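Next up: the structures, one after another.
In what comes next, subunit A is part of two complexes: it sits with subunit B in the first one and with subunit C in the second one.
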Partner chain A sequence: MEQGFDAIVVGAGPAGCACAYKLAKAGLQALVIDRGKFAGAKNMWGGAFYGAELLELLPDFLEEAPFERYVTRQKISFLTVEDCLSIDFASPKFSQPAPHGFVILRSKFDRWFADKAQEAGAIVAPGLGADDLLWDGHRVTGIKAGNDELPASAVIACDGANSVMAQKAGLQTELSPEDMKQGVKEVIELPREVIEQRFNLSGREGMAWEFAGSCTQGLPGGGFIYTNQDSISIGIVAQLNALVKRKIQANDLLEGFKSHPEVARLIEGGKLVEYSGHLIPVSGINMMPELYRDGFLVAGDAAALVLGTGLILEGANFAVASGIAAAETVIKAKEKGDFSRESLSTYQKLLEESYVLKDLKTFKKAPHFLENPHIYNLYPELACDLARRIFIGDGQPRKTTWNTLRGSLKGKASLLQILPDLWWGKGAI
Partner chain B sequence: MNTISIEDKLAVNKFDIDKDVHIRIDEDICQTCNHHACIYVCPANCYKLSDGRITFSYEGCLECGSCNVACDKGAIDWTLPRPGFGICYQYG
Partner chain C sequence: MNIIVCVKQVLDPDIPPAKFKVDSASKQVVPPEGIPPVINPYDAQAVELALRLKEKQGGKITVLTVGSDGADKAVKYAISMGADDGFVLSDEVFEGSDSFSMAYILSKAVEKIGEYDLVLCGRQAADWDEGLVGSIIAESLGTSLVTLAEDAEVVDEGLKVKRVTLDGYQAFIVPTPAVVTVSNEVGQARLPSGLGIISAARRQIPVWKAADTGIDPSLVGSAAARRKLFALSVPARERKCEIIEGETPAEAATKLAERLREAGAI
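Take a look at the complex of A and B:
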């Protein structure tokens, strides 16, 4: 039996808080450290949380959690410089039997989640960062934080996309700009009733809205809008290497996006209250590091557990699920008194049995497919052009929809260009 | 619609600026760099090119790590600010 903590969790985001909560509930001594002044101070996302993990993990979630709104409308839009073609999907199934998605501001939410871990018995220490790992041969035995050495039977790295811990453990090598997208976001304050009018919402109803097309000027990525209670989160996600190649900043894309006629009216009169930026690991299982070694586990963004399918980009549910799986692994290891690599391999098995690695395997080819520029320029333009031809009455005799489609394609794309995309897309997304 | 500069955007954020500089650059390497990726990937305009030289300010850093990932010349010595310092998101 080691002296010190059963587990030290580095990072109080969704992975770290879920892990610490679960460990503490099982009676293990868990310490969660976070380099923010408070849990959540360094964290940003789009964003909404999808899935049942939080409801299952935290019985008081619906009553207590400081989420902004339920996701009751899901919208996807294709943009050209002038046009906007949207699919606006609303369904009572989004809220029944329980809400499936929550719009969340991380600074408020992560702090609450860390408080729940603390109530469950974990020690939460914000303002503390891990500089390095402690070692006994090949085994991780704790962390160094400033001048302090904190021993633990297991260290769980939940320190996000730029995981210092996974690198120190020798599991993650240098990150490549091809594997990362950058998100930039503004939070824009607006009166609640204005938000409800503009987005067709009432009460705690909320919208998650993704955009593809001119908002990234053809670069791999997209735009997003989420409705908070008293503000709008609006942002851009763009492939990091593509920004360099195009010699453009994500903020330039964001400013262009905000000035699109369909978007500008939604934020008109609002007041900017925060500007944020973050990296997202987007190559999924292709960039996933080894998930464990003796005395050490990696979860959440630190392990690149993010799913991008083109229509969705999710990471927080994977973070919570992996944090819980890491906790279950450490609980079993404590029972056996064995924190060796072999004992911790349970973690990999749990993730393989859950949707986490199943989804990442299903969409293994998606990250490469989603680099195809046609998705961000050709297809949004075709979709808007087709809609324009179908809807605009110009006094000319109507053509069949099929011939209208052929008219849209003419000069823009040939079947020889589109068929390979369909073929590859079939297998990738 | 008027666009807002990055500097004006950063001005609404809450920072606890550390006196310790958490990022260092090797200007000699930057002089020989052919792409200056840092300028384009930094969402906070921390890197600027003036008269062929890269200059750096750390105060508005959002700690995303993009510069560190995108610089393939080894010119950026990137660490995080000391715990408790740097960007302090109120919304996130």
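Take a look at the complex of A and C:
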């Protein structure tokens, strides 16, 4: 019979691997299991990781980690059916692999991260899913996997959006489509030189490019493109309840996005090598479950630790940070020999002290604000229309920019419509 | 009963065709990025037969594989199914070995293990589908051999093996030690249990280099290969659409027949 583990981590994604790595480094007996054939087999994200956690946690990250490129160009574009208005930000500060951002393919990266946890002393067991929890009264005492019972002092649920573990622990009820976005992504292979030429990159430089506007047909959400070394990740994220209500398939949005004239030229001649889809919990702190109970912690997407501000949609850094905080909590609990709810409440405190819960609190109103359809149809239309009026010389006498703006607004929106959005947006994002 | 099972890692048969690539210059398959190899499914079935024999007879199952980084995963998979022990045979000099050398490498490891009643192999590897290594191991060890087994049981005289034929089976009784290659008719290989996966994950799989089993380096590797791969490429598939027209259906049909003959299709 197996001896009990100090901790069983369910799910070998960024949260789970970070947690298991940290636990193992502290000398705790940690088991990390994952339902996929290998760590990363079933995992998906858009493609970019922002933040310093990985560099801090893994000293050999830059030399060893299988990341694709580091983000040196950050681009945001507003789309109408035909037009595209972009902001392209580059800075010498981005021109070295600083902890700014990395473009990463999960199937490679998660396996590497899991191997790191294993090297540190954790037991990594892919191909094994947790079906249920073991209980002693109110206390979680381990997991059930198939016919096997695996006891542990603490179970850490890092099993992603729609966390079965958090539901079994009674911390999360069934998720509602209002709180979720659906992401769909294709990986399109292109020769490295072509990618570098089309995106103006060289070496390991990479681009993260977000799109808003016609690509979601007015639904809350957006499009994205990330450059890998020899391929491009391209995808769409859209509010799930809006997709259902409008009877639109996310992959139809993606097809539309790919055929936008500005986008089509970027992927022309490429070969589709991968297609994936995923749910993203986007209501932030409004949907966050209780994060702990006796013998049990929730981290990463499972705890809905995702930040969407309209300009960014981040979750992986929150996953890593929360995985580390969960590990620190369990390490302290082990020292005290106390895995009770009270002892594990350290976890909440650690997250409150870090940017994780601070950011989610700062942007508490953002999810609701971002449901405003103006953001996805009116404003991209206005922005592109204004640009067209400013840049096209049509032989007519020019107007001042202010009057051009008024011309753009005419018939589309009144200042009275826009002012509340501005006022509301000021507090939300 | 002491059973040794030889297993190989192959490309995951579940990879989408778009991810399959070959490098014609080096005449090698390019492993798809991000998708690790898996235990050859026929070899997992050989482990399955070994486990069934062990359940009836008791004994020990030892797994062998030849490979480099990550080859221990194949051994660990077999251990997670229920095998007892395993070794990875790994050495730079093994690079480019053909089936004869592979069988030699495995035979030397079998001899090092020493006490064995049965060596099991999958009927063939799911990558090249040659099915040679098992038979050559029997030759090198000088044991009896049955290929394409769908079942085996221990009898007084040794081992009774059912061998798959086109529309039935042959039953052989062979003295042990014997080499048996296992066909897919043996049935689904069991899935590893949770405890099996964990106990396998905990194991360190010992690695034997050429010198550890007394291998003569001149008999292995690409220099010793008795055949060379001449060319490797993914067949180019061409599709073309032509519209054959004619005044009457009969005329169109005649033109079509002529065109097809011209193209060598009929």
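Things to note:
Quick note on the criterion: the second predicted complex is superposed on the first by the 422 of 429 C-alpha atoms of A that agree within 3 Å, B and C clash if a C-alpha of one lies under 4 Å from a C-alpha of the other, contacts with A are read in each partner's own complex, and residues count from 1 in each chain.
We adopt the following convention: a contact is a pair of C-beta atoms (placed from the backbone, for glycine too) under 8 Å apart; a residue touches a chain by one contact, two chains touch by 3 or more.
These figures come from a predicted structure and were not determined experimentally.
Contacts of A:A304 after superposition: neither subunit B nor subunit C is touched.
In the superposition on chain A, A:L31 contacts subunit C only, with no contact to subunit B. In the overlay built on the shared chain, the residue A:D148 is in contact with subunit C alone; subunit B does not reach it.
Of the two partner chains placed by superposition, only subunit B is touched by A:E186; subunit C is not. Once the two complexes are overlaid on the shared chain, A:L105 sits against subunit B and subunit C alike. A simple residue count on subunit A separates subunit B from subunit C, and the partner touching more is B. By the touch criterion stated above, A:L272 is placed in contact with subunit B and with subunit C alike.
Contact with neither subunit B nor subunit C is seen for A:V10 once the two complexes are overlaid on the shared chain. By the touch criterion defined above, A:I195 reaches neither subunit B nor subunit C. In the superposition on chain A, A:G40 makes contact with both subunit B and subunit C.
The interface of subunit A with subunit B overlaps its interface with subunit C at residues 37, 40, 105, 107-108, 126-128, 145-146, 272-274.
Partner subunit A is touched in their complex by these residues of subunit B: 1, 3-4, 6, 9-10, 12-13, 16, 35, 37, 39-45, 62-66, 68-70, 80, 82-84, 86-92. On the subunit A side of its complex with subunit C, the touching residues are 2, 31, 33, 37-38, 40, 105, 107-108, 111, 118, 123-128, 145-148, 150, 271-274. Subunit C contributes residues 12, 16, 18-19, 33-36, 38, 80, 192-195, 197-199, 201-202 to its touches with subunit A in the complex.
Within the complex formed with subunit B, the residues of subunit A that make contact are 35-37, 40-45, 105-110, 126-129, 145-146, 161-162, 164, 174-177, 180, 182, 184, 186-187, 228, 231, 233, 240-241, 243-244, 246-251, 255, 258-259, 264, 272-279.
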